[in-house]
Amino acid sequence: MTVASFQMFSEALGTPQSVNVILPPPERIAEASILYLLHGLLDDQTTWLHRTRLLEHAQQYNLVVVMPFGQRSFYTDQKTGYAWRTWVAKELPEKMETWLNLRGVGSRRHIAGLSMGGYGAMKLGLSEPQRFQSIGAFSGVLDLAGAAQRSERSDAIVPDLIASFGSPEAIAGSGDDVLALPLSVDGPRLFVTCGLEDSLLEGNRRFRDRVHQAEVPLVYEEMPGGHEWWLWDLNVEAYLAWLAELGLLTRLDP
Amino acid sequence: MTVASFQMFSEALGTPQSVNVILPPPERIAEASILYLLHGLLDDQTTWLHRTRLLEHAQQYNLVVVMPFGQRSFYTDQKTGYAWRTWVAKELPEKMETWLNLRGVGSRRHIAGLSMGGYGAMKLGLSEPQRFQSIGAFSGVLDLAGAAQRSERSDAIVPDLIASFGSPEAIAGSGDDVLALPLSVDGPRLFVTCGLEDSLLEGNRRFRDRVHQAEVPLVYEEMPGGHEWWLWDLNVEAYLAWLAELGLLTRLDP
Amino acid sequence: MTVASFQMFSEALGTPQSVNVILPPPERIAEASILYLLHGLLDDQTTWLHRTRLLEHAQQYNLVVVMPFGQRSFYTDQKTGYAWRTWVAKELPEKMETWLNLRGVGSRRHIAGLSMGGYGAMKLGLSEPQRFQSIGAFSGVLDLAGAAQRSERSDAIVPDLIASFGSPEAIAGSGDDVLALPLSVDGPRLFVTCGLEDSLLEGNRRFRDRVHQAEVPLVYEEMPGGHEWWLWDLNVEAYLAWLAELGLLTRLDP
Amino acid sequence: MTVASFQMFSEALGTPQSVNVILPPPERIAEASILYLLHGLLDDQTTWLHRTRLLEHAQQYNLVVVMPFGQRSFYTDQKTGYAWRTWVAKELPEKMETWLNLRGVGSRRHIAGLSMGGYGAMKLGLSEPQRFQSIGAFSGVLDLAGAAQRSERSDAIVPDLIASFGSPEAIAGSGDDVLALPLSVDGPRLFVTCGLEDSLLEGNRRFRDRVHQAEVPLVYEEMPGGHEWWLWDLNVEAYLAWLAELGLLTRLDP
């Protein structure tokens, strides 16, 4: 299994970016699937690799894993700041899938993330449902509008929300509100997990209820634990195994 | 000569940062000087290393070179955004000089940069004159307030100026206006260069005139060329040689 | 927690080397302990970081973790090849402990590794017992002379053993034979683990018996599993927790 | 321009390797040419990037530059050691050209290097003339057999020559002797430079005479200077410009 680190200029952001990529063996890459894996508020493009056994999990499958940086942007084209959403959802995939000979990937794309990255994955995935076969959100901020109004934790992100959305109040009901995005039985398969002691649990339940109401299939799991890396290590492992069971990922011969 | 890359969390920014560092031989580091070297608008912490022969130039001296990332922030604690100035001028030096056993460095500090980084170096250096022995600005945006009002180029940076300063108009006369910062004969030694075809030439001349009026010593050079890397390669080489002539840098035995 | 990557020239090897280092907060580093963590036959200086949750485990303690590359050298000054042992045991520690302000570390040093790296850790640690407070060997090749004579696996390493030792037969009873190195109750604390399905199990038992005979304290654990990363992830976590229990590592305030 | 760093396992070597790659814009890569650029005895896969303005030079052309590591192997399948030649000449190109969608590159391949890497480029290039359109050797060790017999410098490399070739004497006349490899007017275009104060000058002249005798076209230049990086910076710039003049490299629109 190969880990590549790309240092490249983003036109959308107007600034260079580091992107980490896990690659399968070259002779298998033409039929590989591709997972865009997003990080949380305090992380960067290296954190998934450094804090979980992601490489161990990923190497079992014919899978490219692309890990961009999203700063504290909530993967948004910011009101004041930079076009992080365009970078992650459009410019980066176009570049990476061209360089890596993946233009034939069709819709063999997946998107997942943790916390802020779980929000980002759900937002980007539901907004372009035809591009993605699945969405994974681990401890995701799935009710961002609600989270912005509650708790001490939210204080720390108010400046980020102002930069990204103009104001915390601007989120609810907009295209940046995951709870307001259209759902469809033909859309990407959904995989959502949250720890029982996580302050984001309620938002995850709200999302679950909404998906159930829409009668859209959903894997939803609550488990002991808080907002913690050991959980996300298990979550991403389970998510990949589930994709393989669904036939959406193929195993590499050991 | 050693190149180290640090992936670390910035408390000031609330997000991880990559920092590149050139290190002298360990047995010489206790008496080393330290240069903070800042990049331009479209660059990052790798660009000085990748686009110039900086490593060749630096390895002649007993010098630590620290290259942080400053995005497109003009090294400012931004009105909307992040505290880049605090990161570059305060948090990062405290951390790096502690890790690298440089707490005895006293004022053996230098700061330099190109374009936006030349502006940053001059701003940070003149604001804390007792911390730095010299400031180098290569094709620096030394009249940022003026540059913000002129030319097509400025259009591209208006959003950056709004994020950093509130508005382009807020710069003139403020602590972010290099032309308004106090100068002193006891301050850091100044080294300023600009290409004759560079649109920033006039701003550099304005800075030169101001320094001359204040009767503060200044090395100032204009040379054929535009806003280009081959020039900055020569500039940083000349800047280091000048510091050695002044006795502010010691040579390593070859 | 910070991850630094050093690209540096090794005088002992005559060739540049990459070294990865986990760093604690700078204000705590003066009292930090230091762990040299060695990789296995097919790995490099990045593998511990990429395949385990090492960063998660290490960040709880005031600990510098230094991860060098040892190629397939068995951490030996090779008969034909390079002085890998001198690099890992002498040159690198001198350089790194000088750069990182750790000259006052005294004997707050630890050494551990997996498979070939478990062998290396035990060899280097027992050879300089006054320098190390503990040695950890996870699935270590503790009976290298025996392993060289058995099994198909050994075929693959015969060329490596010839390069390193002259011949596989030259190991037994030499300073490169872990089973022949002197043991002492005053030496480093020993922590040895091996999977029950690991072909190296017998060699680990031989080492255990020898330590018991010498009446030297030893933590020795066999557990379900083979020669696998998920085991080493648990092993290094348990090893660090054990060091903290012994008072040889201090916790960082969370 | 993008710089990518690949951390990958080499089957030929049995150990992981770092490879640095400069990439053109993705939309142009399908028609790009590819340059394998080899380093010298004391260098690694980062040195060309860190010590020259290679990135500045390369970004003008539609060119992929692949920079592998070759330790001190003289790019040889070593008698005692590792199969560096197979790695650099066969495994790496197959993998990289597959990942990067360059399977249609045909013979749009070039190989160049400095010192030991100039020797390697000439050896690998002349051995598979149909694969490469050009070979560049800057201060190359083109008469390795001769160099092995002369000078103090050679002492330092005798152990390397023994590991790679069995003995220094085994080189002359073998497939590892650049002066003994077949030349052809239909082979790759040749570009050779050497400094007038370089101890390798005589070997370069010997190669030049041999090529002239064979009536094979050759660009050959001697210039003031020794065995130095500033020369190689100019050499690689001139080599790429010459390829563009020949129509073997296309320029990118600025």
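Annotations
The letters A, B, C and D name the chains in turn, as written, and every chain counts its residues from 1.
Heads up, the rule we're going with is that contacts are C-beta pairs under 8 Å (C-beta built on N, C-alpha and C of every residue); 3 or more make two chains touch, one makes a residue touch a chain.
Bear in mind the structure is a predicted one, so any value in this text is a computation, not a measurement.
Traced through touching neighbours, the fewest hops from subunit B to subunit D number 1.
Greatest centre-to-centre distance from subunit A is found for D, with centres as Cα means. Of all residue numbers used where subunit A meets subunit C, over half belong to both copies. The two sides are thus made of the same residues. Note on C-D: across the candidates A-B, B-D or A-C, the interface recurring with over half of the contact pairs conserved by residue number is A-B. Centre-to-centre separation between subunit A and subunit C, using Cα means, comes to 36 Å. Computed from the mean C-alpha positions, the centre of subunit A lies at a distance of 42 Å from the centre of subunit D.
Within subunit B, contacts with two or more other chains are made by residues 3, 7, 9, 46. Chain-to-chain contact here is organised exhaustively, every possible pair of chains being in touch.
Against subunit A, in their complex, subunit D makes its touches with residues 1-9, 23, 26-27, 29, 94-96, 98-101. Across the complex, subunit C is touched by residues 3, 46, 49-53, 55-56, 229-230, 233 of subunit A. Note for the complex: subunit A touches subunit B at residues 7, 9, 14-16, 18, 41-44, 46-47, 71-72, 80-81, 156, 159, 162-163.
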